[in-house]
Structure formats: structure tokens, C-alpha cells
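Both complexes below contain subunit A, partnered by subunit B and then by subunit C.
Showing the complex of A and B:
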């Protein structure tokens, strides 16, 4: 985990390379259902995921996190861009080739109740991927199902039960077992803990971490729970309105967020220590998130940014590497040395606060 | 954790379904009544060996034996030509049950197929549902009459009068009664298609046809079941309407619906003429309904075992 957190020294292999991924949903209106616009749920996202790491993807509701995760697995037909997993462009594969690539990438879903077919037993659910992609005999298949159930900590005797007979955490374990069935390399965890109780969240996250250590998995961990992402992720990407605004190693991001949106987002994390909580300075953003159907001109964040400048309304900033391994999409976060006008002062203050906490 | 001996291998789901079905009292009663009816029409004629079309050639005796109330010789009485009602009920039931079942199965198959396709494939939705609307808007009885007029003789000459008429009636009823099932199924499919487990199946790489068969079909089957049980009754009645209009089976060929219509004229004088065929149709419908109810519960694992 820690090697991945210090990129630049010994870079591990890139497993997933996402370039300019776009997922637009058409808006049809009027009597003739004419195409009148697009919901730009994911609008030009570029990032890489290294083998064996956990990349956290955070952002507020509706910013396109889940859509991004699903588009990467091509559960939607993407509008543009490429997703290269192990040298193959998932976004451009034909149906049969795509089917054959499915075993390398799997998904754990948000709602464990809805993601399991209520009319199938646990054995059927976990065995379904095996049916689709392997030619095991029924005995071998059963052995593999039991092995998977052991791996995720489910009692083998539950194999004949139906999803409604389980608690939320157990259901999520079934979902994880199904995702593991084909020995995938890359798993998209789409808010796997959002629907669970806090005590169960820890169990599931620990299970995910154990499995990662044992099986060498790579995760894209989508969540809006910032403290959980801090716990599990090696690097964190912050999304806002369909774009990535900052992508940094976890510790750097939580210590010293560079992008104004990342600062605001992380300032909302509550502090367990009441003394610190009392002095915590929240950055409260004004206004609402603009509609993804009609994003503002220039920087997507310009309508709410506390540090907005005239330039922001005109030019769209690119995601550039401003520090080693840290990518930020802001005109006023310049590469090298923290400088540049108004942002400098606030950054300095932030760091002081962090210093006091130590 | 648990030692291997206590772990049961995956049971067959049908064993579960059957054990749940057995615990549903109404369904078991329905199954019992339906098997009685089936035995009555198929095994009955082997025991009660009276020709259902026998009319006493002696006119005086024939007139004497008309419209008899139930006696030992004729347990259900006789009709207006002195024919034995019990024998007529038996041979009529065979046709009615066969028409009801086959027509119902046909209409459910067409309806579910159209509904599944329309619900699952967005591109087919418009055309298929407009087709369904078109069929719903057709005046059914005139359509059936035209169908009968056009094809009855051709089919009768190639398959024989009874088989030809049977096939034609079954097809006609099936083809004109699938629309409600299609609409119900489409609505359900649209809802289930958006559930996450379908997305999960897609992420595993399950092809569309198996998603439909394995994930969507089992979840819409309960509503199809309800439509199907009602469909049997509808088919039996429609067949009798056709026969009554002289476009179904030949007039001397008994079916339950036919017997009912024949008896209507005499209802006030000889109520038993109406009561028995009516009772048979009602019992069939009721028992099928209960069986459907039990099956629906048995197929749903959430209700099973409660």
C-alpha cells in the first residue's frame, strides 16, 4: 500500500488507463422526442489506476462518480474516450470480445438488496459467473462456490438460502463473492458501504482490504464517505460536475488539498476530537451545483469557487501535474512551489492548521 | 466452521417449490378438484359407456325421454333430444378443458414473448406496443367470425372436421387474447430491467437472452400466472360463444359452453340443464385460480417457508 502511495520512485505497472472518458446521456424532449441536449454526467475524465492500489473516487451526490465507475466497466455505452485495461480498449470492444474480457473486471454494487436476484439462491448467484465463463463440472463449481464463501466469511451452510434471508452485511459479502468468482484483477466498488450500518461498514471494508492483500486486487473505490476513503485508498480523485478536479496521494490530499473544491469538501469532514472540532474552519460553498446538462463556461467550479478570478469564467483548466504525483485542474494552482496570488495565502493557513493538530 | 457432513448440497428448487405448494391448502384443494374434473372427462367415459349423441330412433320414446330430471338411468337427466347429460358433460368437458388450456398457453406464450421483447429492447417497444394496441382495438367477435369463415373449411378438409375446428378455435382465441398479458409483462419488465441485479448480470457478461430467461422471466412469472388462470375461463367462454354462433364446433358436438347455451332456453323449467355445465366451468376456473395462486406463492422465495 505504501509503495503505491509514493509514486515517482518506483512506479508500479498501470492496470487501467482512462483517457478523456465521456458519458453523456441524451435529453429528449417535445412531441417528437428530439435530441435537445445532453446530461454530461462524466465529461472528459483522465486518470490511471496502478496495479494493486486502491484509488478512491470522491465527490458530492450527482457529480458522476457512479456513472464513471459504470462507464469504465462499459455497463453504459460511453460517448467518447478510451478505457484501456491490460492493453485492451474496453470502450471499443465488440460484444463477444467484451464478454470475454468481463472476468478481468468486476463490480461490487451499492445496494446489496437490489443487486442480488431475489429468486436465486446464494449458490446460484455466486455460481452464475462460473456458468458464464468456465466449463467446470457441477462438483468443481460447488467446490469453488464454497471456497468463495469461505473467502468472504459466509457459512457454507447458507448456500441454499435466498438473499432476503440475510442481513445487509452478509448480502454485501455475497455480492463480493460473486465479483471474486472469476479471479478478477480490477474491481469497481460502487459505494459498497453506503447502504450498511457503521459497524458493518468496517467489517466489509476490512474484508475488501484482506482480499486485496491476499489476491492482489486493484480497486476503484467510489464513495462519498471521506473518512472511509482516507482509511482504504492509496490515492484519491476528487470529482466535481463530471470532471476530476484533483487527483493526489491520500495523505497529501488530506493534509493539504490544493484545489479549492477539494479544500471545501475536506473541510466538511468532522473531527473526532471536540477541541479540534470547535476550531475547525469549514469552507461553506455558496449556491448549488450547476446542472450537468448546462455546465458553466470555463471552469466547472467557477460559479461556486471562493477564489474565483475572471480567467475562470473563460478558460477551462486542464488537469496538470503540479507536484510529483499530484494532479490539479485549477488555473491558480501552479506547478512547483506554492505561489500564485490569492491561493497562496489560504494554502499557508491550511498547512498551519494541520501543523497545530500534530 | 461446519463439518462437511452437515452441509446439504444445493437442493433442486422444484423440490422447494413443491413443498411450499403442498402447504397451500387452497392450491391443494384446487389441484384435487381439477384432477377430479380431468378424471371425470377422460376416465369417466370408460365407465359410463353411454353414447353422448344417442337419440332414440323411435320418435315416441324419444319424446318421452326428453328433458328428464336426474334419475338412476340418467344421473344428470337428459336434454331436449333425450340424450344423456352425463355422457355429454364428459365428452364436452374434454373439448372445453383442452381448448381452455391450449388457448391459454398459446396466449400466454405470445403475450409474454411480446411483453418481454417490448420491455427489454427499447427499439422494439414502440412497434410492439402499437401492435398490441391495434389488437386491443380490433372488434374481437367479428374478427373471430371472419377467421372462422375463411379458414374453417380449408382446415377441416385437411385435418378432419374436429381437429381442424379445434386447431382453428385454439389459434383464434390465442391470437386474440394475448394483449393483456403482453401489457402486464412489459410493465413488469420495464421495472425489473432497471434493478441492479440485471446490471450485475451484465457486468458478469451474461448475454441478453440469458438475462431475460434467468433474471427477468422468473420475476414476472407471477403476474403472468394470474393472467393465465383468468385466461382459461375466458377461453372456455369464448369457445362456447363461437359454438353458439354456429362458427365453432358443429351443433351436435357437445362442449360445456355449448351445453350451457343450449340449456339457457329451458333454464326456468329445467334448471339442472344449466346448473351442471355452469358448475363444471366455474369449478374449473376456481380450481385453476387457486392452483395459480399457490404456484405464485411457491415460486416466490420470499413467501416460501412462511
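Showing the complex of A and C:
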């Protein structure tokens, strides 16, 4: 680890580079199950994730945010595009190489009830990745399992219990411990708190933040909870119908959203403050999200956009940098002025090939 | 809404117990509240706090066994409906009390058209003919903002989106012009932009129709925007009750305070760390002789373990069930 001596370095490098990622699911119909169309769940998504940051990925259900997260880890065979993690294109790796790459990237799932095998004990669940990817002796394995349980705040005495004996928040801790088992660098958190009660959500979010500080993790935090994303993320990408419509640093997005959808989405979130709620001007979007099998021509958002113009029905806007570090896909959000020399954020200086710590 | 008006719904000391193999679960413990005409009462609490079970108990919607409504009275327009016969209850449900459930997909019948399901209460409770009911059903769909209402009556639930289905549920609940509407997490399954549409619709309908609403949710933001008065539930009990302004501005119960702090906000300062309520919600297996929040409470003292606090008034229209006497938050 060359740069291990400079934690919290102020020249972050790109850990994950996603270019024009596409994930289409075929629609088959008729007696012969002929391929009659595609659900374009993720349709050309480009963004980078810097080392040590938390990138929030927000959007409404069906916008493709979870599919995007899964495609990045190649839990699906992607339709197109590339996902480069630490210099290797995950989307193009062969099965054996992919398997060897798995330890660097892990996932925490939404529903801890469904993502933990009910017939395995906690120790088995947390130890399974160790069996698969390491050659530790059973004694070493147990020591590692205990260490992980300590890290996520689970009592070691519960190592031989089954998932159903735990509460939702504790189950999510088991899922986190399993994700941490192989010392990953990059974790996709897919709605990790959506199934939990408010008072438990804060516990899990604090744990995720502590672990990030301690282990230097990089998160892609997928959520529909915009308030929680404001708390945890450094930068936030807003998705709509398979596309990113805005990608901005957190404070810029929440203080001054630029894309009409981002504006509407933020204005729709109710705030726990009656005085504020009474005077707040809401942008109420009309209608529903169109089907990703049949997205509208032109801009994806043109069917609901309050600021729609004729151009939007014809031409699809690109995601361009309109302010330093802020990317928006809208014909009518123009770059403020061409900033000389800016190439959009912080460039990687060196590339660290080392993947594992142990 | 007039403050002194007689309540449309008055619930006193409601107690509901579930009998399970592991013993009794005291899901609702001496819950009392009233609902005035035209008012929107928000009920906040985490899962398992008893908010849904309370409302289901009111109108006999819980399967018995295992559920047993053990005690209390529920006065709806001067009549105790807890002691009403099943036949009487049937004339009350849907006619005098409308219900909106969380998940519109599972609460609509997939094999009947939407029109059929809206017409059912009209024909059963109001004795309308099919033709009359059809006209009224179209009016109702139109009222809840579904375009092309007359044609859509012939559609099935799966042909509607989530937000539209919830509009259909609202239309069904409103069909007989009920005095009380109970909405159990009606927007929880919806996306925020769709939730905003539904909240806007409910505000409009209240202006037009003026029914009293009980709105169950765990989302404090929704409550802040829509409620007149709020009741906070924890461990099967009401721990605090106040007007919405008072509750958010001057919360008195340690649980309410912690709950308000633990939720990150969209504007204003951003805490570097979220406030946490340590521990887990209580398991309600024994008769509540102690404060249910004491294990997680930062202010708990010996009395909290000995005695379950009763609700006591701390201000106009504001009461709290806590032994601890805090300074007002805005002092």
C-alpha cells in the first residue's frame, strides 16, 4: 500500500470508473418466447467514484438505481459499457478472474431477512466468504469472525445463533460483517436502511460511517431517502428512468438543485418542521414515471417536466459539466461560463494495483 | 375547526392483547384519544408501537383469536361501537369509518374491476342501484384526480400505477362520505413525488369534504406537513400528545425528543454524526407495570421501573406520559 501513509489524502483518486453502463433486460413474449423488446433499466450511465468517498445514488423506485449497483458489481451480465475498478474492467473479466476480483468489492443488501440464509448460523454466514476466498485454518477463521462481529457491534456470544433470532438492525449488522470479511475497498450499499425503523436507521448509518473512517472504505450508497443521503454522502447522483440527470457535490445539490427533476424530487420530501412545511412551495410533478420498456423520445423526463420545451421531445440531453464538479443532463441548464483548464474534478495521479491487505 | 366541538370519535382506555404460544403480547395498553370534527390527527410510532393495532381494534378488524380487545370503549357519534354486534359493525365500517391501507396492491381485489370495488360500498351501505352507483363511482374517481374516470372504472387494479391505486383506495374509503377516515401509512409504499401528489390531494379533499382523519405514519415529515394534532406511540402506549406546532417546537417526552433528533433533515445544519436511540424497542410480553421506554431512556430513574407513568397535562392540549420533568426545549 503505497499511499497508506496518507489517510484522508486531499488528492483523491478514482477507484471506480463507470462509462456508458447499460443494463437491458429482454422482454420475451408469445409462444416462442421471442425477444420483443427491452426493459432499459440502466441506459448509458457514466460516473466515477473517488477513493474514500460516499457517492449517494438516489431516485424513485424503478429508476434503475439498484440495477445500476448490481451491474457495477457484475451481479448481472451487463449489456454494454465498462466498469473499471482499480484498473480492471469488471464488465469484461472472465469468470475465474472475476471470482478473484470479488474480494475487493462487496455488497450490503436492502432486506437482511432475505439476504441471510435462515439455515446458517451467524458464524457460518460471516465465514462463508473466508471459506471461498482464503486458505485460513478454522482457528484463524473463527478469530476473524469474532473480530468482524466486534467491528459491527455484535456480541460474540451470538456467533452460533440463527438470523431469525436477531432484530432487523442486528441482521443488517450481520450483512455488513459478511461484506467486510474479505477487506473490500468498495462496498455497494443497496438501500441498507430502508427496511429498518427510524430509531435503528441512525445506528446502522453511524456504524457504516465509523467503518468507513476506520477501514478507508468507499461506498456507493443507494437510497430513496434523500435526507439520509444528505447526511452520509459526499457527492450525490440523481437517477431518473435509467439515466443520471444530475451529479453534484452534496451541498450544491441540496442547496441549489439544477435539473428540473432534482428540484421536484427535493421539493417533494416532507420536512419534520411544521412552520417550514406551512410556507413551503412544492413542485408537484404530474403523472407517473414512464415504463423503461418504452421510454419517451428525447429527454427521459420530458413527459413530466414542468419546464419542458419542444427541443426536449426531440433530442436527448447529455450529462455535461455545467459548474465545476456539477454534471447535469438538461438542454436548459447551460454551463455558467467555460472554465479554463478544468477537466471536471480531480484527476488520478497514480494507480494502485494492490488489491488486498492480508 | 372549532375547539370545543364534541368529538366524532372518542376512544377510552383501549386494551388489545394477542394470545400467542409464547404468552400474551400486550400490543395496545390503555390508549385514549379523541378526534374532533374536521381534524387531522397524526399517529406516529415505530413498527410494533401499536399504532395500526389500535386503529384495527376500533372497528373489529383484528382476527380473534389471537387478538382480543380486552377493555375500553370507542364512542363513535355517541355510540359505543366496541360493544356493537358484528352486523352493526358491518354497517359502520365503510359507511361511517373509511379505511385506507398501506399497500394498495394487496388491499384491492385483483379479480374485480376498480369500478366494481368502488360501487360495492355504495350499493351495500347506501342501497344505490347499479346505475346510480356507477355515476357516483365515476364522480369519486374524478374527485381523487384520476383522468378519464368513466372509462377507467372498467379497468383492473393491475392496470393502475401505485399512486393511482392509492387514489382508488381513497375513492373507496370516501364512497359513503364517512365521518372518520383512518389512513394507515397510506403513502409509505409510494415514491416521494407520488407521495407529494397524494398529500396534496388529501389537503384538497379535507377542504372540500371536511371529514376527520386519523393518519398513521412513521414519517415525521409527513406529519409536520399535514396534521393538526399529533399522538406519539411507543410500546403500545401513547407517550405524548400535542398540537403539531407544540410537538415539534416543544417536545416533552424523551422518546419524542430523541426521535426528532435522530432523523436527518434536508435543510439546515448537517450533524457530523446522527443522534442514536440506543437499544431495541420493547417486547410487550408482560403487563406493563413500568415505563416501556425506560431501557433506552437517558433520563430514566428508579421510579420509571416501578411505575408506568400516566399521561399528565403539561400545557394546553399537550400531555405526556413521563415521570421526568424536563425544562421546555425552547427556553
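Keep this in mind: the second predicted complex is superposed on the first by the 325 of 358 C-alpha atoms of A that agree within 3 Å, B and C clash if a C-alpha of one lies under 4 Å from a C-alpha of the other, contacts with A are read in each partner's own complex, and residues count from 1 in each chain.
Criterion: a contact is a pair of C-beta atoms (placed from the backbone, for glycine too) under 8 Å apart; a residue touches a chain by one contact, two chains touch by 3 or more.
As the structure is a computational prediction, the values presented were derived from the model and not from experiment.
Model built by superposing both complexes on subunit A: subunit B and subunit C fit together without a clash.
Contacts of A:98 after superposition: subunit B is touched, whereas subunit C is not reached. Contact with subunit C, but none with subunit B, is seen for A:231 once the two complexes are overlaid on the shared chain.
In the superposition on chain A, A:128 contacts subunit B only, with no contact to subunit C.
After overlaying the two complexes on the shared chain, residue contacts for A:270 are found with subunit C alone; subunit B is out of touch.
Once the two complexes are overlaid on the shared chain, A:114 sits against subunit B while remaining clear of subunit C. Of the two partner chains placed by the overlay, only subunit C lies in contact with A:254; subunit B stays clear of it.
Using the contact criterion defined above for the overlaid structures, shared-chain residue A:75 touches subunit B, although it does not reach subunit C.
Touch criterion met: A:162 reaches subunit B, while subunit C stays clear of it. Annotation: superposed on chain A, subunit B and subunit C show a minimal Cα-Cα gap of 10 Å.
On subunit A, the surface touched by subunit B in one complex and the surface touched by subunit C in the other have no residue in common.
For subunit B in complex with subunit A, the residues that touch the partner chain are 1-2, 6-11, 13, 195-197, 199-207, 210, 214-215, 218-219, 299-302, 304. For subunit A in complex with subunit B, the touching residues are 70, 73, 75, 98-100, 102-103, 106-107, 109-111, 114-121, 123-124, 128-129, 132-133, 142, 146, 150, 155-157, 159-160, 162, 164, 175, 178, 182.
Put simply, subunit A touches subunit C in their complex at residues 60-61, 167, 169, 197-203, 205-206, 209, 224, 226-228, 230-231, 254, 264-278, 280, 282, 284-285, 288. Against subunit A, the residues of subunit C that register as touching in their complex are 46-47, 161, 163-164, 191-197, 199-200, 218-225, 244-245, 248-249, 258-260, 262-267, 270-271, 273-278, 280-281.
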